[in-house]
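Each of the next two complexes has chain A plus one more chain, namely chain B in the first and chain C in the second.
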Partner chain A sequence: MPVEIPKDKWPGSIRTVTLGATAADGGTRGLTVTVGGQTALPYMHFEAQSPNPPVVAIEIKSERPEDWSSILTEAWGEALDDPARWAARAQDAGAQVLVLALSANDTPESAVKAVKAVLGASGLPLIVLGPGQPEKDNDLLVPVAEATKGERLALGLCEDKNYRTLVAAAMANGHLVIARAPMDVNLSKQLNILITDMGLPADRILMDPTTGALGYGIEYGYSVMERLRLAALQGDSMTQLPMIVTVGFETWKAKEAKVGEGVPEAWGDWRERGLHWESLTAAALLEAGADIIVLRHPESVRRIKIAIDELMVTA
Partner chain B sequence: MALSGIQIYKLLPQTNCKECGFPTCLAFAMKLAAKQVELSSCPYVSEDSQQQLAESAAPPIRLVALKAGGYEVKAGNETVLFRHDKTFYNKPGLFIQVNAADGDIAKKVAAADAYSVTYVGLEFTVDGFAILADGDLGAAVKAVRSASKRPLILIGDPAALEPGLQACQGETPLLHAADPSNWETMADLAKKYQAALVVKADTLDELADLTQKIQARGVEDMVLDPVPAASPLSQSLAAYVQLRRMALKANFRPLGYPIISFPAATGDPVRESLFAAQAIAKYGGFVVLSEFKPELLYALLVLRENIYTDPQKPIQVQPGVYEINNPTPESPVLVTTNFSITYFAVANEIEGSGLPAWLVVADAEGMSVLTAWAAGKFDAERIAKSIKEFDVASKVSRKRVVLPGHVAVLSGELEEELPDWEIKVGPREAVDIPAFYKQVLT
Partner chain C sequence: MGWDIQSDVPPQPISMATHTIIFISAEAKPKSVQVPTGTLLADAARQAGVEIGQPCGGQGRCGRCAVQVTQGNVRLRSTLRLSNEALEQGYALACQTIIEGDTTVLVPEQEKIERRLTTDRVAAEVRPPVGYDYPHSQSVRRIHLSLDPPSMDDQTDDWSRLQTALRAQVGFETSEISLPLLQSLPATLRAGEWRVTAILAIHPERPTASSARIITLQPGHIDEYSPLWGIAIDIGTTTVSLWLVDLISGKVHAQVAEYNGQIARGEDVISRIMFSSKANGAEEMRTRVLETINGLLDTACKRVQIDAGEIIKATVVGNSTMIHLLLGIPAENIRLTPFITTINQPPLLPAREVGLAIAPDACVDCLPGVASYVGADITAGVLASGQNRLEEVALFLDVGTNGEIVLGSRDWLVTCACSAGPAFEGAGVRNGMRATTGAIEDVWINSETYEPVFRVIGGGKPKGICGSGLIALLAEMFVAGILDKAGSVKRDLPTRRIREGNHGGEYVIAWADETETGEDIVLSRVDVDNLMRAKAAIYAGFSVLAEQVGFILEDVHKVLIGGSFGKYINVEKAVQIGLLPDIPWERFDFLGNTAVRGAYQALLDWRERERVKQIASQMTYIELSADNTFYEAFMSAMFLPHTDLGRFPSVSAVLNKST
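Entry: the complex of A and B
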């Protein structure tokens, strides 16, 4: 009995966004990474081709993280003390993009130095995040943007209360920005409108819808991502941006991943649980439409790359 | 698909005899369409019409329930493609596989059967066991039954399955699997023992063909195994999505059944975890895991709970003052929101530390600290209001209140709202509360 499969045809599509610039385009990256371009829901290859597979990024820090789980610090060892070494190790571990998170202790000089060191150590495209305090973010990211003109970095995070300075710096220096809204379709849209209104083209924006870890609100992030992707395909242009999710950051602060002592026996083996926490959060969000997954543990990177490879198999 | 009042009217006798209590058949049909009356109120409906009406009232994805020893594991009856559209109802059952040829079945099953884990105040367990008939299935079922009463999935060819079925009569197990080569014997076996039956084929065309033939042979409770073992994740995802769409959008009965998944088919534990997560998020009905591994099971149980949470009703706790570890008037006051995940994360940390505290849960409409703050539901005014409303001042001699680190910006305003209180900023994450407590509050 021939079964007729209902196929969705969508009027809208996701924009393509390219991170990194090679020498030919005024940067120094060894390669560029392009995400987006979908015209159907994630991995529905029977409806449309998925032009660009999602990519895995690894988060590294400008200074040794003090509060990371020992599962993570054991994996990276002494590389934690040196962003350049860490970047090279992350590239070896399979990262396709690097995320350098600056610290609240950084000065503009040390931030620029760390960014330059990472750019020197690896040819991968780079995302640079501020420490997450509006004024400090601007103090650090503006000089970083200027010192790396033309590299097509992605700078973040732009939030509704603090986006102007960052957007202006990205515009003036040929970079991209990451727009983060707190798990809400309309707030995401609004922020993208504000940013494009300043004159930054939409193909230089990555959208971070905010996510929760498994057990800590993943369902909210998951559903917001599904709704954003549906809105985009239905033709809502201000949601047609690739999505980046900071899975490593969220999962490794969850107790299940972070801690091995004083937890219920029913939680099982600590290391494996931590890896499941990170990779299963990532796997679920991939299928909700994530284009860039930022992870922390090299083994999770290996696992999620297996998932992506399999998800990209077209019959 | 549900019929309209007019469509139902066409199936009624159209004699307007009023015995149903309505003046006309049409009036009765309208009530029936609105599900406000039962069809049985009309004594004159033909058998043919009855059947058509019953079919139209059936859910697009059949509810299949596996039963044993007072346990019931249900799958099916889903109504939406996306959880944000309404909610997903029947959580996929997680089954642990054992092999009949193994020597220590009872021991393995006992460990998994006793498993219990708590998450946000909810208790989770394993749902049942799958037994592969690579040895004497009758003996294996008895061994499992010596250690667990939970529902069973029996895997093997018809000859191997029958002794197993004899060993669990009176239960509703699930048989795996009818395929194009054995479906008649399998269907007869399922019928004889009143078991549910997995139907397995490599394409949806073959699958639809088989389910119809099996239904015609008298088996109603079917479950689909729609992709070849070890298919890439894209293929299982596509097949599961297509099945859900066929059922919900096209009301295509031959494929309107729950789905079973075997994530361990390749023997690779990483793949098993990824595929199991996919099956939970995207439309799986029964998921068979190769081994009892608490760390994976816990992660999957939590994922399942999260995905199947009703998105219209975030799980909330009652706002109020919660006493943790017998606080005294000297103990500090901590504030958080009434989003249950947030509450449990904070309460568990304080409890685990053994340190006494008053935990004030403010009504933030069930949102987490950061989300509630962004949405204006967790500001200085609301926090101050909670503290006054719950009369926290009467419980403490030392007025100290600790704000979540994520809303450190509120401390100035809160000082104005609560002038006689000492305002402290705690850590951003619950996991850091015990260290903070020991350093700053003692």
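Entry: the complex of A and C
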């Protein structure tokens, strides 16, 4: 007997957001990346085709990170000392987008220099994050935005108490912003309203709903992403933005991934565990609807790209 | 935006007609000016040297520039601020009126303008209830007795002699007396030469069939029309209010209020309960609130020039925690699951036991409450608001430290409570104060210059800002574009009134040289956060309550607002910040302190007192902490006016106009 599979039809859809601009559009990128556009829940291909698959980004730093796990530093080796080399290596490792995280030690000059170097070394679209201190972020990202006018970078992070300067800089220089709210549907939505109120079009915003690593609140993060996506599909325009998740950042500060000594033997091989931690966290959040997954280890990138390919099979 | 009239009128032809505009006011001689067609009335006034205030910068937002056009040809661009009645009388906003012919304009005094506005809600005046009749309504009675003097032939004891007189002259079969009154009995009887005035607590429904309790005895016969004093008390978590009332006429002779002395031991009921659970904590709490009440008594009695010992009845309301702490009854179970009070309906108690500094045998009547977090302040508030008599569904909210909310009509009532914090009572806000002399109670901010205009209670220099002023200020800062929707001050605006404070951006309402205190009056980031939390808790409370009973909030027939705001509340501004739902302004009634008003009604009339009891038994209490619906609603309301702007169409319209 034939079984009729019920299909949901949603009134809303996710906006498409394009990162990077090629020479034709006033930038220097070799290619652009477009995310979003979904009209159904993730991978429900029988309900609606997903126009843009999720993409994998690799996080690199403007200076050698002092607190990274040796599993990561071994993977990148000498490239850690040179953002340009690191960018090229990351592109070779399969990154579709690069994330350059600036350091608190950066000056406006060094930040601009690092961004320019990365842009020169790779044709991938670029996301630039400040060191995460409101004043410092603004000091570094405003000159970066000005020096890269037209590149359609994504700048972050905008938070509810500190977004105006960054949004103004993005607006004036043709960039995007990343809006980060602490794991709450309402707060995400509120921040998107604040940013669009300033006049930045919604298709130039990516939202970072904040995630936790496996074992560190991932269920909560997953649920928030799921609810954001449901609200978006139900027609709530201020939640209809693609989501970016910083899996590498969250995972590699978890004890299970970061350290190999002083932990129970039953935990098994450290390197395997660390990679599993990052790739499992990432795989779960893909299912929750993440559009851009930011990773740190090249092996996780390889695994997650395979997972995405498999998820996108429509047959 | 603003003054640019070119965009609203067609280009002016070269041969413009000019018109004569005459301005008439009570204070000065008429002034006139010649202006071309299409001139804004406000511009014409300025050219004529006539002062018309425009706090909002001429956007038709505040309505403070209303004038009366008695003759002539004008065109009104916006009439939003004016009632139909005012429009019929020719009222128009100077900043929204375009001259099209010779015109005569009457410029009213500022006071009169305010009464024309549709948004200001003024608390109802207190008048004795219609038909108040002391002999039929009161549960106390003052009677004159004339006793037969004792003699060698009649050696009856003093107390039996008094009882005999009570039986024979007023019909009370049995009567009761306290030991202290017995101790003074012989002197009292003899001082008045066996003529005595007794004040009795009686059962009002069947006075003579039940026992009468003697409250006071005074020698001689006191004038039967002289006042008989009672008090109504509302013990709020933050503010204690007391009314001194003549029980004969029903008239309120003094209204006083003060912050609750317990604040020093915790701002909310939970921290008060925790403090009271410590060693000697309960005693300290009791002493603190009694000191506050007795201090208020002192002030009220001095004002009316009576002795507090003349007060023979007190009706007390307050949330359940406040009543427990007043009576020294352990309150800790209110805080612990499953949230149980020791008593919801306390018995009548003599003032001596309670510790009130009034006649020691005076009746203290603590009115019945509903549950741990819905106390007698709410049952009395419902009585005062009249919600229990309405045919249609109304929303009653008491905006205090705890926001208590009641939805329903005469057929059903559901209630919930949420912790709002003391911000709307002016506490927990840096320059906050109670609604007394010197408090800023309304504010307008010009959205081009960011300069404020405010109204101070009493008309002098400001000392601080009261609840209604804080609501107005928050709304104005938001609408004028000083705050973003998250409540953050926009630091990049060109005004020195916005500056970096200790805890983020702040706005200066009054500079040090304009204030009573000699210090700047500011609203800080912390203050904004406190106000946001308070308004979000209250809005979330009633949106969840409505949802629970499947009622659409916008369908309520009336919104009845109680709280210690002072005399005025600007409903439009309360809607703009998302404290109140966005429904037509005329559906809001601002009632002032409903808790003390309800206590007053119950103090006067035993039937009203019975109604409070009925209300208490009729209410269904809904526990908001049962699931996370309230939290979701709260987070959603932590935005100006709300994350879901679709719930606030009128605010949305204002925002679209000003950006």
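Here is the rule we use: the second predicted complex is superposed on the first by the 315 of 315 C-alpha atoms of A that agree within 3 Å, B and C clash if a C-alpha of one lies under 4 Å from a C-alpha of the other, contacts with A are read in each partner's own complex, and residues count from 1 in each chain.
What we mean here is this: a residue touches a chain if its C-beta (ideal position, glycine included) is under 8 Å from a C-beta of that chain, and two chains touch if they have at least 3 such contacts.
Owing to the predicted nature of the structure, the values given are computational and were not obtained by experimental measurement.
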Fit or clash between chain C and chain B when superposed on chain A: fit
Which partner reaches more residues of chain A (counting touched residues only), chain B or chain C: B
Computed vertex angle (chain A) for partners chain B and chain C, CA, steps of 10°: 80
Touching partner for A:Lys253 - first (chain B), second (chain C), both, neither: first
Which superposed partner A:Arg164 touches (first chain B, second chain C, both, neither): second
First (chain B), second (chain C), both or neither touched by A:Lys189: second
Shortest CA-CA distance in Å separating chain B from chain C in the superposed model: 7
Touching both chain B and chain C, residues of chain A: 184, 187
Residue numbers on chain C that touch chain A, as the complex places them: 484-486, 488, 490-492, 504, 632, 635-636, 638-639, 643, 645, 659
Chain B-touching residues of chain A, taken from the complex the two chains share: 1-6, 43-46, 67, 182-184, 187, 212, 214-220, 222-223, 226-227, 230, 253-256, 258-259, 262, 264-270, 272-273, 276-277, 279-280, 283-284, 287-288, 302-303, 306-307, 310-315
Contact set on chain A toward chain C in their complex: 160-161, 164, 184-187, 189-191, 193-194, 197
Residues of chain B defined as touching chain A within the complex: 82-84, 115-119, 204-205, 208-209, 212, 232-235, 237-238, 241-242, 245-246, 249-250, 252, 254-255, 270-271, 273-274, 277-278, 281-282, 293-300, 302-303, 306-307, 309, 311, 341, 345, 348-349, 352, 368, 370-371, 374-375, 429-432
